[in-house]
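Both of the next two complexes hold chain A, though its partner changes from chain B to chain C.
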Partner chain A sequence: MPDSFLFGAILQALINGVISGTILAVPAIGFSAIFAVLNYPNFAIGALASVGAYGGLVANTVFGLPLEVSLLAAFATAAVAGIVVEWVAVRPLNQAGALMMAIASLAAAIVLENVIRFFWGNGLRGYDLPMLRDVQFGAIRVGPQQVKNFGISIAAMVALWAFLALTPLGRAMRAVADNADLARLRGVDPVRIAAVAVALGAGLAGMGGMLIGLDTSIDPLTGPRLVLSIFAAAVLGGLGSIPGAVVGALVIGMAEELTVLLIAPSYRSVVGFVVILAVLTVRPAGLFGARA
Partner chain B sequence: MTALVVEGLVGGYGPDDQVVKGVGLTVAPGRLVCVIGPNGAGKSTVLKLLAGLLRPMAGSIRVFGQAVTPASPRAMIAAGCVLVPQERNVFGALTVEENLLMGAYTERGRAKSRIAEAYARFPLLRERRRQAARTLSGGQRQVLAMGQALMAAPRLLMLDEPTAGLSPVAAQELFATIRALADSGMPILMVEQNALDALHVSDEAVVLVDGRNAHGGPARALAADPTIRRLFLGGRAVPDTTKEMSA
Partner chain C sequence: MTLARRTLLLSTSLLAAPSLVRAQAAPIKLGTLTPLTGAGGPYGPVMAACVRGVVDQVNAAGGVLGKQIELISEDDQTNPEAGVRAARKLIDVDRVSAIMGTWASSVTTAVAPLAWENKVFLATVSGADSITLLPHNGWLVRTQPNTTLQGKKFGEFAVAQGAKRIFVMMPQTPFTQSQFAAMKAAAEAGGGAAELLIYDATKPSLRTEVDQAMRFRPDVIVAGGYTPDTSVLLRDLYRASFSGKVLAFAYAVNQAMLGAIPKEVVEGVMTLAPSPAAGSGGYAKVQALAGTQAPDPYTCQIYDHVNLVLMAMAKGGATTGQAVHDNIRKVSQGSGESVDTALDGLRAIAAGREVNYEGASGPCDFNEIGDVLDVKFRYEQVKAGALTLIRIA
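And now, the complex of A and B:
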């Protein structure tokens, strides 16, 4: 392989990685937000991403809504499903510990996946998107929809930052994540904040599911296929750390694209496992995490 | 009118784990009352009961004449009782200003005017308002914790071992701040392990032993009382000698 060709291919993979990592950051932030406030890993996040993707599909293809509005529908559908999962499957087990809650979330994921199958089957489905030609910069090609998805992901993160930093509810959520006992002593209702965190986390997962589906197509396993990457991104950044989830997702996104290029596409899913093993061995608290 | 009257308070961590077995307390406006006693006497549990973190099993609580049921921390904030806990009493990841804003969480409409008052009272907090609370020194954190509690405009401030873990110099400075706060009219109920220093700065004191009132009265008189000095020689509880005597 000539050097310039390899350089171009690596640059293309890195750009693809930044775009897919930024999109992956959206559900990874959701996963971390739920962990930060409720102290358990919600493995239903993948299934919730699928629920969001199908919620957006209905809004877009049945009701004919534009993609931006359909993304809000994806957020809302997954947020509602996330609250139902939390109240029905997870919360009744909160005295049993984080492991039991994580297992309950896995069970809920299987239920959600099959509810989607019941209504839409296993087949691939696509959004109502205009066909657009890729934009080319020298040897680098980028799809206009990819750029749009990248921009939407950045906008979602900015909106989340504004919510967490500038609103009393967002501040209370960060306070609960930092010191739940003191937050309660200052009059914060932990049940309300938990509901907000779950709605926000699940909503972001749903939005992420649709953003990923916009690039290709969706099926009931669109979200569950992401769980390993989401979990690896959150572990790498430090469980519960939102900036950590963003950095972790970017690293995972780029590492996956480079693996596809330099090793083989079938090794893509190995990246998540390798990252989790490496982080747990070298720095269990992750890059930005305070807790090991 | 008396700020706080507690009678026959009983509570703990379950029916089989009663720690407070009958405590009475009175705090008048502008008075600093300290609660001292050996480890396990139930001092901090009294504050947890008064802050709504634990439900009392018996007893009555009156705040400025009104009977209060400590159903939750929110209910106690509404009644005017605000606690500064002993440990982890600030939000480390939040800035100093965000910590103060969290203090006024239940009355967010008044946060702006109260934050100005907090900065006027504690200029140090204004200087460090953009700094994460975890970067403050131990003494500065205690001042922030008090500032945060004052943001709720309490009618009674409760402090759980405010000088725990502080250097002697920082502890003296903090005691001076607490005294000044009481002199400004704020009724304060303070639990302290550092008994003799606490007696010197307080107006009145209650000594708890095994969950019950053992002694009480003006703090200076108690500081001079040989029994109290024997119990808390050098500010530390004397080892239990009853076993040696019976042996």
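And now, the complex of A and C:
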């Protein structure tokens, strides 16, 4: 392989990685937000991404709503499902510790997955979108839908930042994440904040599920297939850290693409496991995490 | 004491006499072991009914070697455990000479050792390569092509499309390597080259994999996955403006996929699948027996099983599993008179002629480990959003 050829291939893989990492960041932020406030890893995040993807599908193909509105529907559907999971499956176990809550979320994920199967079956579903060819810039190829999804993901992150930084509710959420006892002393209602965090986290996961589905098609396992990458991104960034989740997702996205190029495509999934192993061994708090 | 001995002798002879009588008129016992329930449930009942139809016809025409055939149909529930229980009943209680129609590879793998240990012949429709590699010593044959033969057909089809550079993209499966090796051999025999990329089927995008493929400059890409990952792959090939031909498995590019992804993405994709020998005499007989214009491949295959078993018994002059084991290839292949039903075959054998059975599922010629040598394949292409038949060959 000549040098310029290899350079082009690596550049292309990095661009693909940045784009897929940015989309992955959306559910990864959701996962981290729930962890920050409730202190347990919600493994239903994958199934919630699927729920969102199907919510968006109904909005888009049954009600004929445009993409942007359907994404909000995806957010809302997953947020409601997330709160139901939290109230029915997870919260009754909150005296039993984070591990029990994580296991409850796994069980809830299986239920959600099969609820989707019950209504839509195992088959593939596609959104009502035009199929566009990629645009070629020299050796580099970029898809219009890819760029659009990239933009939407950035917009979602900016909106989240604005919510956390500028609204009283967002500030209260950050306060609970920082120090729950202190926040309670200052009159912040932890139950209400927990509900907001779950709705926000699950909603972001749902939006992420739909964003991924826009580029491909969706089936009940669309979300669950991503759980490893989401978890790895969150662990790398530092569980509970939102900027960390973004950076972690970008690193995972690029690493996965480079693995395809430089090692072998079938090792792509190994990236997630290796990252989790390495972070937990070397720096359990992750890149941005304060606590471990 | 004397009395007691006489009584014993008498009662023993009384017990023995009916069994002596029975031995002469004892019917031939054959078993079907098909999935009447479970994942194979749509196929098993039709398969068993087809065998019943053949047995009734042969019985009406006088049976085999002057004996009537008694058919026992059991349910394997598409489950190896249930399959073994049912096989034990067929072998130990019913004392069948042959078991036909095991469907799931897991069931066949579990039942096969029972069959060969008890000298019961097994005919199966399972496809896993490993089945005929079991140490069965000739006690089983299968009519379903193994995955290696499917790979060979893929390679030959690609070459026939004028391909010189074939790029194969498959997820990791138990048959990926063997299937690719067969494709590569077929491609190289046709003067072409082939390369394999194993991708991770769980990823939502295969863009970088497609870039890899494009660097090989293929004129044919084989998309060898299942439906979800193949739909991702086809989209990414479309986006990359791949202009060559795409071949895929019919079980992946199916009606469900055509409904779910944009038409232009699948347009022109060619598919391949093992096919019954539509248009053959045997196929027409299965159509009549099953009462449908399009009998499934497994019903066609079990029709061939029962015909072959009955003719092998006639050929060997005995109704045991051993006779089937020793004679099945003498009726399934060779230069004899071509027949497509046991009725014709049995008459020819009685007249001392050689026969070569040409079945509903294909020519039914077997190699030494029991793999079918050649079957028809069905080639289709997506045209205007629908699968259209190119040919069956």
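Please note the rule applied: the second predicted complex is superposed on the first by the 292 of 292 C-alpha atoms of A that agree within 3 Å, B and C clash if a C-alpha of one lies under 4 Å from a C-alpha of the other, contacts with A are read in each partner's own complex, and residues count from 1 in each chain.
We take it that a contact is a pair of C-beta atoms (placed from the backbone, for glycine too) under 8 Å apart; a residue touches a chain by one contact, two chains touch by 3 or more.
This one's a predicted model, so the numbers in the text were calculated from it and none came from an experiment.
Colleague: So, does A:Glu257 touch the first partner chain B, the second partner chain C, both, or neither?
Modeller: In the superposed model, A:Glu257 contacts chain C only, not chain B.
Colleague: With the two structures laid over each other on chain A, which partner does A:Val80 touch: chain B (first), chain C (second), both, or neither?
Modeller: neither
Colleague: In the superposed arrangement, which partner chain does A:Ile103 touch: chain B (first), chain C (second), both, or neither?
Modeller: Neither chain B nor chain C is touched by A:Ile103.
Colleague: One more residue to check, A:Thr222. First (chain B), second (chain C), both or neither?
Modeller: second
Colleague: Just checking: does A:Ser20 make contact with chain B only, chain C only, both, or neither of them? Give me first, second, both or neither.
Modeller: In the superposition, A:Ser20 contacts chain C only.
Colleague: Could you tell me if A:Arg174 is touching chain B, chain C, both of them or neither one (first, second, both, neither)?
Modeller: So A:Arg174 only meets chain B here.
Colleague: Between chain B (first) and chain C (second), which does A:Val188 come into contact with in this model arrangement: first, second, both, or neither?
Modeller: Only chain B is touched by A:Val188; chain C is not.
Colleague: State whether chain B or chain C is in contact with more residues of chain A in the superposed arrangement.
Modeller: C
Colleague: Can you give me the overlap between the chain B contact set and the chain C contact set on chain A?
Modeller: Comparing the two interfaces on chain A, one with chain B and one with chain C, no residues are shared.
Colleague: Can you tell me which positions in chain A touch chain C when the two form their complex?
Modeller: 5, 9, 12-13, 16, 20, 123-126, 129-134, 141, 143, 212-213, 215-217, 219, 221-222, 225-226, 256-257, 260-261, 264-269
Colleague: Write out the stretch or stretches of chain B touching chain A in their complex.
Modeller: 51, 53, 73-74, 77, 83, 85, 88-94, 98, 101-103, 105-106, 108, 148, 152
Colleague: State the interface residues of chain A toward chain B in the complex, per the touch definition above.
Modeller: The touching residues are 168, 171-172, 174-175, 177-179, 181-189.
Colleague: Hey, which residues of chain C end up touching chain A in the complex?
Modeller: 172, 197-200, 202-205, 207-209, 211-212, 215, 227-228, 231-232, 235, 238-241, 256-257, 259-262, 264-265
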